[in-house]
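What follows is subunit A paired twice: with subunit B in the first complex and subunit C in the second.
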Partner chain A sequence: MAIVGTSTRRPDYLDKVTGKGAYVGDLEIPGMAHAKVLSSPLPHARILRIDASKARALPGVFGVLTAHELGDMDPYYGSDIKDRPIIAIDKVRYEGEPVAAVAAVDLETAEAALDLIDVEYEELPVIATMNDALTDGAATVHQSNLCHESHYEWGNTEEGFAEADRIFEDTFTFPMVYHYSLEPHTVIARYDELGITVWDSAQHPFLVRNELARLFGLSLNRVQVVVPYVGGGFGSKSYIKIEPLAVALSREAKRPVKLAYSVEQSAKTVRRHAASITLKTGVRNDGSFVARDCQIRLDTGAYADNGNRVTDRCADQVPGPYLWPHLTVTSKGLYTNTGAAGSFRAIGGPQAAWASESQVDMIADALGIDPLELRLKNLGAPGDVIRQGKNPLDADIATGLKEAAKGVGWAGRGAKPVTQEKETKRGIGLACSVLNAGASPTSTALVRLHADGSATAMVSTVEVGQGSKGVMAQIAAEELCIPLEKVGVVASDTAIVPYDRSTGASRSTTLVGLAVQLGAKEIKQQLLDLASKHFEAPEDKLAFADSSVVFGQESITYAQLIRQMFGGPAGELMGRGYVTPQTEGPLKGLPVFWEMAVVGAEVEVNEKTGAIRVLRLVSVSDIGKAINPKQAEGQDEGAAMQGIGHTLFEELIYEDGQLLNPNLVDYRVPSFEEVPDGFETILIENEDGPGPFGAKGIGEGPIAAVAPAIANAVFQATGVRIKELPLTPERVWRALQAGTSGGHKVDALTEG
Partner chain B sequence: MSEDHRLQISFVVNGRPVDTEIEPHLLLLDLLRDKLALKGAKRSCDMQVCGACTVLVDGNPVSSCTYLAFEARGTDVTTIEGLADGEKLHPLMEAFIDNAGLQCGFCTPGMILAAKSLLDLNPRPSVEEVKEYMRGNLCRCTGYKKILESIEDAAQRMQG
Partner chain C sequence: MLKPFQLHEPTTVEEAISVLGKFGDDASVYAGGTELLLAMKEGLLSYDHLVNIKAIPGLDVVDYDESTGVLTVGATATHRALEYSPLVGEKFSLISDVEHRVANVRVRNVGTLGGNLCFAEPHSDPGVFLLLYDAEVELVGSGGARKQSVEDFILGPYETTREPDELLTTIEVPRLPEGSRHAYIKFGYHERPSLGLGLVARVDNGTLADIRIAVGSVGPKPVRVRNAEERLRGASLADLFGNTQSSALLDEAGRMMAEAAEPVTDLHGSAEYKEHLLRVFLEEALEEATRG
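What follows is the complex of A and B.
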């Protein structure tokens, strides 16, 4: 393999470093109007009256959209649970919810028109927190405050607790986190008699297409979703967000409309679920895990978005990669009057691992067992069924964990690194988890071999920064035995490229890559047929090399074969790749693969200020085969850094339904200053994944394991255990005060 | 806005003189993107935190999202579109490509311009100096490691 496995130059890089690469906000569509949205100032209120007549009369205004204009359609949408109106109808459920939208000749005019819209509200009681949502007789955000619930169990957890020597019960909380992709949500929508076209910053163009077709009553072929370069997603642009609003406004204004959100609007549109997770875990004195009961509550905000899947996946992930004889898991997604929560890199994973891996360390400490040994003792091995009804584990977590331990200098439970400075203490922590990755195996690709021997791969994977365009080209070139420069990739335009479910869940290289490989193989079969006739030789005597089919000493180029077939320098061969749940091989059952999340961290805690510095961070992923190693590392580095953010300081703060920090000054994300001195990514390559050339997806794992690894390191450094994130200096300082003044660790363990 | 409130300004953008009439409150970012069709500088935080809108004014990085176009009168402005020498990429661009110093690319124009001003001031910065100088440019994709490596590589290339 000369092309696959090499850090080749990505085709999108040249566009991007020169500033030529176009994102939706850079596009101009002829006749395009500019849109602004009037947002609700209240988190929960009935809309008594909207008067937009003055706004409509303002010169330069092309159209105003309110609920009134949606009378001819069913205006509710969502990825599964269709609970979100295109624009607020009768009531608002979060501060920032669109109540009216204006399309005008320019942004200034649109802004001026917003000031002329008069809305009268009647305030309703605010469901500010999950506790509010669960209070008996509380007001409800929708019909009820329960959005989704999932439950599974095996063994008999109560009997398991009776068998256990010790029982630990702890509650861990995880904050609301904002994706902050640098490019906020942006869409240009055109609705006319031919149908709908949207130029969209979206991760799942086909799901956007399908939902727009359903909402506006069009057949699928009349809705086109075009996705140019996307300025970061991390889940924030998954499923469907502001597209229906922009299309409805275009319908009203009778011209294309550009709707570009601000950071504040994006932060209120989607975020990560806050969580509260209570784990009751029974173990034997020798450290064997016996039983666990997991109670998860997730705050999905005002609308479900993807909250049902997050609720399920958090439940899937909370037991960790361990073998549990007895297990009970209940997970509830709850509505509150805050901005909606949806997918965010490794959905449900960071919350689950934060609770599980913190508690595993606490158990190790209480039992006097090395935390690494305790994990190794209970881990599932490849081939083990770690979740009943799901595919067996295909990742070697134990090897990964040992690599991380080595990389971060783990020398055992008592072997703390020391620091020279008096007020700082150092510690090392480990954490491991496992994510059920890949979403579902539903992807297609079309590969075209042109008359000159060059090729085009057509896929719907969105180039969101992960490098999919380059990877698909590498896969096609390798399989077709042609030079990389001879392959172009056309992506993410639903009117041109064939179907793909989504860009997310670490699935593109594995599933879309497999579709490209299958498409290339179908072309090779056609080339064999042609060459077999040409050489009058059986297919099994033929081979592929350098854009040619070889028979003994003779060879014929692909270009010559195509020309022979079409009788001149014309025509092309087409290969189809279908990846479905029926595809031969390991794709039967779910997950498509288990993605390991393994992190080791060394920290320094300043006992005077509570400030934590991450000195070293090592993450390990099992990638099967790295198609482009450098960009694979970059994926994990990015995930790890986002993990550092939500561990140390990131948190959207809502008070009575009002978002207090809706901007980048008050909501800080990691900068160059947070880069650990030692920052390493280890990739395990056993060429055993279900994807092309044995690849499997990565890029989500580290974000799930960073927080518990750091908290475990803080515990080793200081003896203080903190169960809430983020680990801000103030929180750490308070815990240190409480922990040292009484001579006890901050949270006593409950023993059975 | 009535005509008499418009201001005449002249400045140089990417080596070419520009004479234009602007409204007094027009931001440099909007002038570049909307009137001069230079879309390389991006709008993200819109409050001088992220650096996606960074351009160079007389060689110094500024956040064009909060910089009045009027303040640029008489200056020499460089945007990402003006950094390559024809077909020949700037060494920073080459280094970002070779070291995978970008992913989605939204931060990249600002990142490269800020790094250029750093290397113009300090041709061999230490890692600590790079981190300190560049902290006004955010990247949410890369985790910064490969950007640091790109800048270090560019510094070497520029030394020749």
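What follows is the complex of A and C.
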């Protein structure tokens, strides 16, 4: 293979580094109005009255949308649970919820119109936290405060605990965090008699199309979702967000409307679920895992968004990649009066691994067993069923873990790295988990071989920064045996490209890439048919090389074959790629593949200030086959850095339903300062994935394992165990204060 | 979103003052705009008139008078200008040392020292070094010109003694006594500092002949801690480090710093933690400034 496996330059690089690339915010549609949203100042309140008459009368205002204008439709939407109104109806459930929206000739006029809208609220008791949500007799955000619950079990956990020598019970908490993609939510919507067109910063264009069609009562062909470059998503632009609002406003204003959110609005629109996870784990003295009971609570905020899937996936992932004879898992997604939580890179994974992998280390310490050995003893091997009813494990976690241990210099439980400075202590930690990745296997692609032998691959995968355009081209070029520069990729316009479920869950290279490969294969079959006639030779005597079909010493170019078929320099061949749950191979159950999450970290803790510095971080990903190794490493490193964010300092702070830090001055994301001095990605390539050329997806794994690896390293360094994130200097200092007396594990004190 | 405003571009200080006087509360001085425009975009501040003072010739001076030993920094001199001035680097190395660590390159490129002082956001660095230098500001308004120490000028969060029609024109910074060495410790993980501790020391014959201590970012405003200076002055270096007696002395000085700085609990951390950090960093800064 000459093209696949090579770190070719991504096609969008020049557009991006020169600022030429167009994002939705850069687009202008003729006749376009500009929109502004009036946000609720209160986290929970009844709307008694909205008077927008003065705003409507303001010159330059084309339309004002309130719940009143939606009387002719069912205005509730969501990825599965349809609980979110296009605009607040009767009550508001979070501070920042859209209550009215204005389309005007320019943003200044729209802003002025907002000031003229009069809303009268009656405050309701605020459900600020998950504890509030669960309090008997508490107010309810929706019909109830339970959004979604999932439960599964096998064996008999109670009996398992009876068999165990030791039982550990611990509660771990995970903060609310925000994706902080550089581009906030932005959409241009045009609603007219022909249907709906939206230019959208979205990761799942076809799911946006489907939901808009349902909401506005249109057939699928009449809704077009066009996605140009997207300035980062990480899940924040998955499913459907502000598109229905923009479309409804366009319908009201009778012209196209651009709605561009601020960072603050976006941070209130979607975030990651905060979690509280209690694990009760029974083990034998030799370290064998016997039974585990997992109680998960996830804060989905004011609306479900994708909270049901996050609740399920967190439940799926909380046991880790281990074999449990007895297991009980209960996971609850709860409503609160905070901004909604939805998908975020490795949904449910970081929360699950934080709890599970922290506790595994605590067990190792209590039993006096090396944490690496304890893990290796209990890990599932490839082929083992780690989750009943799901595909068996297809990742070799043990090998990954050993690689990570070696890479980060793990020398055993008692062998701490040394430091020269008196205030600091060093330690190494490991963590591993698996993510049920790939969402579902429903992807299609169309490959066109043009009359000159060049090709176009048509896919829905959104170029969200991950480098999909280059990778799809590499796959098509390799399969078609044509040069990379002869392949173009047209992407993410639902009126043009064929269906794909979503850009997320590490799935695109595996599933859409496979569809591209299948499409290219279908073209090759047509070329064989044509060449077989041309050479009057059986197909099995033919081969492909350099844009040609070869028969012995003779060859004919693809271009010549196409010309022969169409009788001149015209026409083209089309190849279809369908990836469905019926596709041959391992796509028959779920998950599409298990994504490995394996991280080793070395840290230095300043015991006087509590500040942590990550010195070394090694992550291992099982990629099957790296189509573009450099981009794969970039994805892996990105996931690790994002994990360092929620580990060390990221946290959205809500106080009584008010978000206190909706900006980068008060909410800190990692910068180059936090890049570990030693930062390594190890890619395992066994060419055994379900994707093209044996590929499987990566790009999420490390984000799940970074936090426990760092916390485990902090424990080795200091003897202090912290069960809450983020590990801010103050939290670490407090834990050290509380722990210095005994020098053993203690919980961090909660900050006031 | 930035609401429309009228931009005035006076070319003299007098003109600027008269525009400010004319529009009163509807007008604001506009220097680098790094604070002002952000606050206006967020709707926290709103003005119909902005008076851009960057067009006033000479207001961006960075000048040193050998005879008086005073550095004059004009109102529109940027952080970057101070960071890179060879003159400042040579004679006022504490300033260049701290300025190098203020904000980020984009903010330093346009943000001014004057703007930083007039905005008086508590999480700031310059107040600390200016207090160590006993610096003064000059303000010019319709009532004439006046000078005031930086210490008295900053009253609290977002509050100074500046009258609405007054322009801060220059900051005057006298040189430190010969033989002084400095340390500046900046701590925090947010965009703006959580703590700034500055210390200037002169060691003579193994004793702390002179010391100045200032603290910022932890409380409502930057402060000099004169009682702690007093307490430490004259101590022998041998007494300062590494024994229980010295630890008691530093504890006491640390407490004085905490009392003076009045740490508050905010998104940067609890008051208790900040008090602890003051003690930790006092020792670190002392070592740095006395031991080379």
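The rule we apply is simple: the second predicted complex is superposed on the first by the 742 of 752 C-alpha atoms of A that agree within 3 Å, B and C clash if a C-alpha of one lies under 4 Å from a C-alpha of the other, contacts with A are read in each partner's own complex, and residues count from 1 in each chain.
The rule we apply is simple: a residue touches a chain if its C-beta (ideal position, glycine included) is under 8 Å from a C-beta of that chain, and two chains touch if they have at least 3 such contacts.
Values in this document were obtained by computation on a predicted structure and should not be read as measured data.
Q: In the overlay, answer first, second, both or neither for which of subunit B and subunit C A:L660 touches.
A: So A:L660 only meets subunit C here.
Q: For A:V17 in the superposed arrangement: first (subunit B), second (subunit C), both or neither?
A: In the superposed model, A:V17 contacts subunit B only, not subunit C.
Q: Looking at subunit A, does subunit C or subunit B touch more of its residues?
A: The larger set of subunit A residues in touch belongs to B.
Q: Contacts for A:T609 in the overlay, against subunit B (first) and subunit C (second): which applies, first, second, both or neither?
A: Only subunit C; A:T609 stays clear of subunit B.
Q: Looking at the overlay, does A:D115 come into contact with subunit B only (first), subunit C only (second), both, or neither?
A: Neither partner.
Q: When the two structures are overlaid on chain A, which partner does A:Y180 contact: first (subunit B), second (subunit C), both, or neither?
A: Once the two structures are laid over each other on A, A:Y180 reaches subunit B alone.
Q: Is A:G465 touching the first partner subunit B, the second partner subunit C, both, or neither of them?
A: first
Q: With both complexes superposed on chain A, which partner does A:E730 reach: first (subunit B), second (subunit C), both or neither?
A: After superposing on A, A:E730 lies in contact with subunit C but is clear of subunit B.
Q: Pick one for A:Q642: touches subunit B only (first), subunit C only (second), both, or neither.
A: The answer is first: A:Q642 touches subunit B but not subunit C.
Q: Under the contact rule defined above, give the subunit A residues that sit at the interface with subunit B and also at the interface with subunit C.
A: 664-665
Q: What part of subunit C is in contact with subunit A in the complex they form?
A: 1, 3-4, 187, 189-192, 265, 267, 269-270, 273, 276-277, 280
Q: Which residues of subunit B touch subunit A in the complex?
A: Going by the criterion above, the answer is residues 33, 38-47, 49-50, 52, 79-81, 83-84, 89, 93, 96-100, 102-109, 112, 130-132, 134-148.
Q: Show me the residue ranges of subunit A that touch subunit C in the complex, using the header's touch definition.
A: Against subunit C, subunit A makes touches at 36, 107-108, 111, 608-609, 611, 648-649, 653, 660-661, 664-666, 668, 728-730, 733-734, 751-752.
Q: Which of the residues in subunit A come into contact with subunit B in the complex?
A: Spelled out, the residues of subunit A in touch with subunit B are 7, 9-10, 12-23, 25-26, 179-184, 229-234, 262-263, 464-467, 630-631, 633-635, 637-642, 663-665, 669-673, 675, 679.
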